[in-house]
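Okay, structure first, notes after.
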Amino acid sequence: MRKFLIAFLVSILALATVGLPLTVFFVTDTGGLGDKSFNDSAWAGVQMAVNKYGITANVIQSYEQADYVPNLTAAAQVADVVVAVGFMMQDAVAKVAPQFPNVKFITIDFSVDAPNVESFLFAENQGAYLAGYLAAAMSKTGKVGFVGGIPIPPVERYQYGYEAGIQTYNVLNGANVQVLSGYVGSFDDPAAGKAMTNSQFSEGADIVFAAAGLSGLGTIEAAKDAGPGHFAIGVDQDQDYLAPGYVLTSAMKRVDVAVFDGIKSVIDGTFKAGTVTLTLKDNGVGISPMTYTKQLVPASVMHQLDVLKQAVISGKIVVPATEKELQSFQVPPIQF
Amino acid sequence: MEKVDYSKYAVVMKGITKRFPGVLANDHVDLFVKKGEIHAIVGENGAGKTTLMSQLYGLIRPDEGKIYINGVEKQIRNPNDAIEAKIGMVHQHFMLVDRLSVVENIVLGQEPVKGPFFDLGRARKEIRELSKKFGLLVDPDAIIEDLPVGMQQRVEIIKVLYRGAEILILDEPTAVLTPQETNELFEILKNLQKQGRTIILITHKLNEVMAITESVTVMRLGKVTGVVKTAETNPNQLANMMVGREVLLTVEKEKAHPGEEILQVKNLVVKENRGIEAVKGLSLSVKKGEIVGIAGVAGNGQTELTEAITGLRRVESGKIIFKGEDITNYSPKRRREMGMGHIPEDRLKHGLIKLFPVYYNFILGEHDNSKFSDGIFLKIEEIKRFSEELVKRFDVRPPKIDLLGMNLSGGNQQKVIVAREIAFNPMLMVVSQPTRGLDVGAIEFIHKTLISMRDKGIGILLVSMELEEIFSLSDRILAIYEGRIMGETTPDKTTPEEVGLMMAGHKLEDIRQEA
Amino acid sequence: MNEWIQAILNVFTNPTFYKSTLTQSTPLILAAMGGVFSETTGVTNIALEGIMLMGAFGGVMGSYFTGNPWYGLALGTFFGLAMAALHAWASIKYGADQIISGTALILLAQGITGFALVELFGQPGSTDLVRSIPLVDLGSFKDVPFFGQIFGNLSPFVYMAFASVIFGWILIYKTKLGLRMRSVGNNPEAADTLGINVYNVRYFGVIMSGLFAALGGAYLSIGELGQFTTNMTNGRGFIALAAMIIGNWNPVGAMSASLLFGGATAFNNQLQSQSVLNLSTNTQYIFGMIPYIITLIVVAGFIGKSRAPSADGIPYIKE
Amino acid sequence: MNIKKYLLNEKVIISLFSVLISLVIAAIVMIVIGKNPLVAYAALFYGAFGTKEAIIDNIMKASPLILTGLAVGFGFRAGLFNIGANGQVIIGALLSAYVGTLVGAYPFFLSIPLVMIAGMLGGAAWAAIAGWLKAYRGAHEVITTIMLNYVATFIANYVVNGPFQAPGGVPKSPSIAYSAQFPNIMSVGATSLSTIIFVSLAAIVVIYVIIQRTTIGYEVKAVGFNPYAAEYGGISIGKNVVLAMAISGALAGLAGTTQVVGVYGRYFGALSGSMGFDGITIALIGQNDPIGIALAAFLISSIRTGSNQMQIAGVPKDLVVIIQGIIIFLVAANRIIKTIRIRKRKEAEA
């Protein structure tokens, strides 16, 4: 009976894979799909590859962190490429990857040093930097806000990059835009995110950047409720469409592009193990195209953003990523 | 079959049969209650009296049999049907919601309303009128839990009258009353009778039956064993029908030979659960080899007194001295170790763990005795051996030590407790309500056991609500009223009436002075 | 030190703090009222969290499929009623352990909403945006300083919450049904002997708890956001339960305790938004604990003692 | 023991029926959404037992679940509903991880017991707070343990994002000393079977003995069954409530410890997962009997392990939560099953 069952299952799984060029398995972290953040974005990247190359793809969601190793193992047993997302999976991938030397691993937000792992990190602070500058430039009240989910490294990179952008605006324009920062303590409590945002609005902020996963949806809702003159800034994906005209921009992190490129490199045979940090330079991070808000932004500000972007790319500006770096951050002289 | 005209009768119950798992509670019972009479149903505990009345009141439904009210057959499926048929019942355990007020309790289920709201004003008015009419004075806005028992009973009666009951069932109404309160109740009942009400009285106190009823139905083991006119019978005949043999009304015992004092209670003050003083500066003493009986109506501090002596309740002030040592603040465990046994008032609450097997129940309180454990592990074999022995010695049935406590009958549960408490050779035994709810055989056994303990030199403090029990067992009698001792006497120098007066709050000196 | 005084003063003079207290308290008040209804009749209901979640999900689902958020509200309450009915069925008819049954329902709600999210909306995590219940706009009152800012533009749920308290208080203390509820919760046997159908009254109480808790949940989804996200109730059901206990099982008390918790959260938000303080990110964790620690202190009886209905949590089984 | 008698025990039947009914309901749900339940359950079975890795993974998942199941079950024995195993897991794990980083200089036979004791003490102390509040302040343990769960989570987040954070900015503690880590029995690929399973097996025996053979077990059961009678028998209720909570918490803390010393080698993220809540399911299915709990833990771990494979067959993971919910519901309302059985019997007789 048992043998039959196994044979049955293996054949189901095999059937799905036979004759296709490549099988990709995507293993989420406990945040899972629908986080409107890196898991969703990574899955979008996988889908792009499916559409383009006709590969076959599947997803395993991790119920708890004890599932990481088993899920990665299960995926590696049947797949050619395993995509693992979220820095909590670092230890697990470091364990599993060496066991499957013929399977390629693509990891997002953490790096693992193994010959079959290509890791993508993001300079979230660089995108947030531009968002911060834009927010400061657009603020009518001289106050902007930041709402975080839980203070973990990627969120903190957003925060300090953002604050550095504001500081840059102040220094270059002789302004004194202040930033109000708060954490809601959860990535999946939009009501709490909304309340926090409203608090910041009430303290005079008119633009609030939320790096808070699903909680950030509350920030967007709060901006919409507060009416014209108030903006949210989205995170990770282009969230501008969620409330057209109320999301000033989104500080994006192109997890989808990274995943797509990773898969592409396997198909092309150009797969290279190692760690790639995606930055403004390679469009791995950045701000959204502002589909609904572009017309609100003065051309001069657009220009300044361009200049700053180039300065970051050229290395003239080193955007801080931690509280410490922010404290010692000196805005270099920039000529617009 | 004889044709009877049912219309003369307020209540006719015909061929009522009710089975519970393992018990035939009512076995083809017939009951005829004439309009306007006071009719007693007597029988021992477990005879099926309450079960029968619960069917009349619709709390449970008969398996077989028919009920006729005023000659008309009625289906009484629930209390609503009963209330509609103008039947009311005052339960032995009061059915009052203790956090609600008197008014709210009385009108519950038949609330007057004004628009969408409950009309408290009208309810209050109606109740005032009722209490005036029947002489049942009570404060409508008092909260039940603040009222004394006698008052609560009045509320129960008004509750029934408020529903316009023509037929009143009272289940053991005097169990919680002093003799004086009992007399007042009887006045009320006679008054009700005059106003045309029919009253059914469940009781096992034969003097009450003789005092106010017109006719009696006697039950035993679920069957009717006799129907008689009160005027044509006497207590002995009734007792015979109740128990099926001659009853020993007194316990045979030798004269006591009291030794030195073993227990002294000095100016004891103890609070009850709600923080009110229940024992108010009480003193007493018990000597080796004597039985000191505490007579009193339930709720006068007896529970708190025994709990304080055995360490289950905190003492506010005063002293408890046992074997010359001040044990006021000792834990129950330490008192046990010193040789204090305790047969508790509520055996299912305190005395027994229903979900423990019998052999575990036999070592309750002694489980860490070196005989049964080495400090960490239980000596299961030894415990079982010991239990087998006790089961044999006290004739516990069925004699299976791994049966759960809940699977024993009340009498056998009590035997387990008594056996356990005796087995550890106590020097003092605090005994509370030892025979409540037991059949005659078990009562006799317990009584004999207590006497033989006394004769071995054990001091016994006996608390009982049964005056008869106090009189037949005690060497000295103390009467308690509202947490104070009203006087001390001995059975041969007093009468139940005198003790009854003390139980109602009269000091012994005052009674004797007046007399 | 000075900046703290300054910051706290800022918080208390800011109308948003009060508005935020109202909006944060709304789901708690509604769910706590649910708890009051259920437990007044003697049925413990720790499933509030799960019922809220179902209410939140139903709200979005109804709004999504009909385009009308009021239908969403109807569906959300229906889901809440269904959950509560399940709890009632198990604990009243079958004498189930009410705490365990409640635990089961919380798990069921998490499972069902997660599952349905995938099956109905094609994605886990969150639904699409749907239309939400419009705010009550008080027109020119909005321009009144301070009060206008607090009350000018509130969700109808806020009014519902306070209305539910008044409704609950009147029903429980001023009507005959309320009298019966209290009697059943304290001494079901006594009520039974007076011909009151204990089971029906308890069904009523539990099912009403489903109604209110579901409203509280629906507020989170279609009142605040127009969206459902996984586990969006985030423990509010448990806080509501605590509010009910602290409020001594009384509608007004439960409301006050809910306002206390809502106020604590609003205070936390507002305080973090004070630029003068420049708080470290890690302080969030300390602030986050506050409501839970308050609850611990209160249930431990260090602040007043509360007393549950006597028969709360005890199944009533005839014969 | 008489196996036949054991199997026909009403409690066992209720557990089995609950599991069965919930699987049937889940199957109906799958049919409704157009999935073949046979395929899904076959995947579930394969995922739980189909490969060596699956079996190892299953055992590794069951190990802490046995402990949280025992924790909740022991609480039930004393009449306490410890819904706070999650918090106790967290505190136990944190403390053991902390001690684990300090014991590098000691040999394993010292450091391993030290770390385990730290974890158990942590869990025990955390649970004892709720026990104390219950025994001496009359606060219901369900409310207090829920609150303590939240507080524990906040503490853990604070600690691993601040004072006790590994270098690199990731919210996890530093690695514990090598000498404090449990050795593996075997490894298949990245999946290792750690010796922590023996801790759980030993705990089953210890708890069984405590409950059945010791004075502690006698007292705790007495308090659980009838606190009044226990007090009458000289058993301190307060002491035993605190003690029972502490033992329960120690087991949960030990569950956390095993994750630190046998799985992650550090305190890491949401380490407790749903272990605490699963413990409730397990204790209920296992009817508070240590052996029953062990079997139930394997059942739940199998469902959990297998569910990942089931996902691949297209059934959302949330179905597992639904299954668990239904099981608990049916065990709680066990009279539903009794009624069904009686009805069936009557029909059979008719």
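General remarks:
Read from first to last, the chains carry the letters A, B, C and D; within each, the first residue is number 1.
Operating definition for what follows: a contact is a pair of C-beta atoms (placed from the backbone, for glycine too) under 8 Å apart; a residue touches a chain by one contact, two chains touch by 3 or more.
What you see is a predicted model; the values in this text were computed from it and never measured.
Chain pairs B-D and A-C differ in how many C-beta pairs are in contact, and the one with more is A-C. For the pair chain A and chain B, the distance between mean C-alpha positions equals 75 Å. A separation of 47 Å divides the Cα centre of chain B from that of chain D. The geometric centre of chain A is 34 Å away from that of chain C, both derived from CA atoms. Work out the mean CA point of chain A and of chain D, and you get 35 Å between them. Each of the following residues of chain A touches two or more other chains: 61, 150-151, 156, 185.
For chain C, residues that reach two or more other chains under the stated contact definition are 117, 124, 282, 285, 288. Residue positions of chain B touching 2 or more other chains: none. Touching pairs of chains, sorted by label, consist of A-C, A-D, B-C, B-D, C-D.
For chain A in complex with chain D, the residues that touch the partner chain are 2, 5-6, 8-9, 12-13, 30, 58-61, 63-67, 69-74, 77, 87-88, 90-92, 95-96, 98-100, 110, 150-153, 156, 185, 322.
Chain D makes touch with chain C in their complex at residues 29, 33, 81, 83, 133, 137-140, 142-144, 146-148, 150-151, 154-155, 157-158, 161-162, 277, 280, 284, 316-329, 331-336, 339. On the side of chain A, the complex with chain C involves touching residues 32-36, 39-40, 61, 143, 145, 148, 150-151, 156, 159, 178-186, 188-192, 194-196, 198-203, 205, 214, 217-218, 221, 225, 242, 323. For chain D in complex with chain B, the touching residues are 213-216, 218-219, 221-222, 225-226, 228-236. Contact residues of chain B toward chain D in the complex are 310, 312, 331-336, 342, 344, 349-356, 360, 364-365, 367-368, 373, 375-378, 380.
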